[in-house]
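Below are the structure tokens for one structure; questions will follow.
Residue numbering begins at 1 within each chain, and the chains themselves are lettered A, B, C and D in the order written.
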């Protein structure tokens, strides 16, 4: 499109005077821009993070082995195993901004309460039996549910059954670490309410379509809905495809239904730093090639399909996770009906006005 | 609280020079402030609109007689009979800003399509069998449903049954008339989609708690949900009272549950000019005496109770409507479980920053 | 464009049964929509307010006679003479929403302090020597200055000179009266600070371009700038025309410079209900014919020109005031350099989403 | 305040099974949370960036030597030497989010045009004679001026004099690099308008207090004012101290005046990612000890004073720069009247809702 800095003639070898100048810079904690502009300000995003796929049938056995060897409790706090992007060695980060981990809780175990600046959610690809207790409100975790723990809410988890349970945690740990904004406090050793209701108090108060309690007005920074249940997500996606069958506008594009989880007090994202969505492709559907500024983590919820990340293609199935770094071209093809959960750092990118999207073939 | 202008000494009778000056003012289309300040800028709101109760068992028979005598069709457009506030003679206004009417559609009748700047909703206190078609989307009308027709959407109604149906219309007709902002266009003679689905396309796309279709992002001026169904409203209110029973914060005050109908793209009011809410009082519950800037219309949906409007008390029951003018003290007592629908001009008052509330006994 | 309701066949004379029904409606405080739809919901705005011109050389002598005959003081509060729109008989309203008056203060006179919900401003077309004291801050009034008194700020005026002074007051009195949102309190008999500084404290804190004091952050409902001085307005307009001369985009259209007075904490209008602007046309310039939803009051500040309001044309000069009702086509032609101050109810219209503009020849 | 993770008992040495598990994690690009929670999610911010002072009398001579040895032109683009935080080795970052550099342009030199996603500003501590040309608008740079180049605006600089000029650049390069949001394009080799006006077109259109051109309405992401001139900043600060002398509220705290540079279309920060302020302390004044989430860079503009950063105290004078990392306690004492320019990443922290401030002795 434009000339790349890479195309420019190489610099001459440094003269002795210049070498001395550079030494003096170094001693005085200074660095010249001109020797590193290329890396610092690339022509388009050149993320260090790599696209990568983690397989559920690898992850889950490792989580089970952790369950046998590593206790859960105060100090380590959580038995969570993070996706470590191979392009970000030495970190436990899925992308520069996002943390994604499989968390595992054995029969009758409790992960103690704490709170932190970091915003968190859980997504359940299989299993049930754990309640996450958010500011004293016990929230059942079941397959397909998306559950929120916004920053600075006390939370712990406890497994009430004789079977273990695993799920996915998503947080903005890398971003909070990077921006030096982390605060953390320990809470109760056990969860503060051990009740096991089917529905949380938060949902009873807030999860009615278009209705708000008069007792809590005003905009809230994060969504007050603690659990977005699978039955609603599934119904919303099903209806979009049926509407498409009826010739009505409803889907993102042909054969591709999608919903965004939102904060009912603003209509915006559920958390200040994290966007979450659920996508469904009809069997045979293909998405156009997209590039977006900002990074995403996806998990296949059900079905099988083929994903193209940059130049590479992967077949993926239930539970598999993969990362799409900033500006990497991606598209999906559904072998059979194909359900995917996605989370991304789009609120960071959009609130700071760095968002751009390119869809191949879209010239609008 | 403060001295009233009324307490000041009366003006002297005008001198001949002053009379001549006043005559000259009149001829030049001028009016002095000093002779009318008292009326123009009162110490607190002194609405001309009066509190008033209209009885359902009066309204419905009159609507039925209209059904026999007055055809519905192009020109008159709607068989709607408006509440005419006795304090606003010569108008058909419930309050200075709000229109409230009973609309009646006989068996197999159609009210033709049109659109206008005015924002409208319907609320159904009894009956069913009519579909309102909003921008081509047929929306079933059933007991307890709250249905939207935001400004400049084409809409018509048709009755598919052999029984008549009546419901309440609420609009901002007086405000639009007052501000000279009315545009109006005729549409189809019959509704543009005669299908009779249980659920509208709008609901299928939008009425999932906390979920938005990815195909329609951004904030919208009015709610995209065409119908807020009774089952959701009822469930939300019931849960608030159950949460109260469990000692949890959920209700407005002891024994008083309430929800606000909201726009899921903003978390704010459903229409730019109209707020709508539903209130439920437990048997025996009483609300404190409130004064609010802005006017409201209430309809009893079920149960019986006693309402105090200023100095007067009224026993009301299902279908009865009443008006609360600006700053008039009001409170309710529920004889039995008492359900009330309310709409008001609060968005006008709040967006222009004139809102004030006073609750007796609340010194915060 | 569309068929008017006026084109429809006339209604038949009412049958006895229908007459009886209408009588019953009346007795029960009800009014049918179908007999009055035409007036209530017109095809496009049909304001009762009329375009009208008031001449400064008529207004000022009447104000001077008032100064001799009518004392200013507690009770009447202000010696203000309002433009009474001939289409709104019995009121003192310039338009349905706006109040415009000439206020007159004789040598050494004081208008006592009070406060009210109503938002107010002053605009000075000639003279000086009065200080308006807003919440204890003395604000000098001089030719070309635009001065604010947002709702619920205590304010009084005092003339420090031996010459009288007259200026224009603009308020939302009609709107506040209509919406029943008026609160009013008396304050001190004399102004609370009799100092006569050239520059108010408000300006010293706030009137620096793009700079805010760190001691007052957050958005404010109304502008904290008490006085927008003529020298700044004049410079801004002059620069726009110079930029136009240089071929740069700067003016509204060829030969037509304009600025809007704004709230530096939001970038929006100075008052929640009132927009204020200043327009300058080069000698010979003409504006295209515009229609806007909402009403305006204009005052010629200097120069002469010809204004077309609907079908009528008027020559106007310094001090003349005129009203443009909603949706009335208007355009101006400058005989010589032509400066006009304008205020309107645009914030009401825009915040409630009724705004529309039509510019002749503009098909975008 | 709370127990630190550091206080907890140390982990046992890993068993062979656990070591094997950890090896398997590594092979599968996974990392356990429990071994690194302490570093990832500290009890309060523990920035790697260090407080540090760079001396103007070190910086300027190094910039001059660069001027002799390093050409400015296409490829390297700018002769800018960045403050490299000693806590962030291998980078050229002042803080994790902010770039600060001294830029130097010799007599008659031109830095060619380009544009990039990164938001930039310049601040001039001494000298003049360079024009920065922003989207074709030549903007003179003079002592005390604060100049903006919002993201994706073409810009170049040229020195019209026979003397060199140096100034400070501030950008969000580290943040853009971290979030992988960088786009970059080359522009003209020379500046696109070589005129040398005293005042930019942007200022002529926008830098009038509280006045906006009607030709450009709506909110803009970044401030349209290209230059905030020293005379306005100085006047605003001087007035705050005079108001304080008169007993009026105006300063941040006793003896401490401050202004924030703002976007006149929103009242908010000038750039989406960068806040800029100017502070003035009276001789002898001391600020309370503050901690803020987010990082800042300060430059002394004039005067001398003592700054306390954490446990260390430094005497600083004109041109000296220093960095305050997140949550580090800081306070200043003015030896003589002490003027400081500041920029920070506060918009990032606030828009994502991680902001906290602690002021010693403030218990509100």
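In this text, contacts are C-beta pairs under 8 Å (C-beta built on N, C-alpha and C of every residue); 3 or more make two chains touch, one makes a residue touch a chain.
For clarity, every value in this text was computed on a predicted model and none was experimentally measured.
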Equivalent interface to C-D, taken from A-B, B-C or A-D so that over half of the residue contact pairs match: A-B
Between subunit C and subunit B, distance of the C-alpha-averaged centres to the nearest whole Å: 30
CA centroid of subunit A to CA centroid of subunit B, Å: 43
Chain centre separation in whole Å, for subunit C relative to subunit A (CA means): 52
Residues within subunit C bordering two or more other chains: none
Chain contact topology (line, ring, star, complete or other): ring
Contacting chain pairs - touch in the sense defined above: A-B, A-D, B-C, C-D
Sites on subunit D touched by subunit C in the complex: 201, 204-215, 217, 219, 223, 225, 228, 232-233, 235-236, 239-240, 242-243, 246, 248-252, 258-267, 270, 277, 279
Parts of subunit C lying in touch with subunit B, wherever the complex brings them together: 2-3, 5, 8-9, 11, 15, 17-18, 21, 24-25, 28-37, 40-47, 49, 52, 54, 58-59, 62, 65-66, 69-70, 74-86, 91-92, 96-97, 101, 116-118, 151, 173, 175-186, 221, 272-273, 293-295, 325-327, 345, 347-349, 351-354, 356
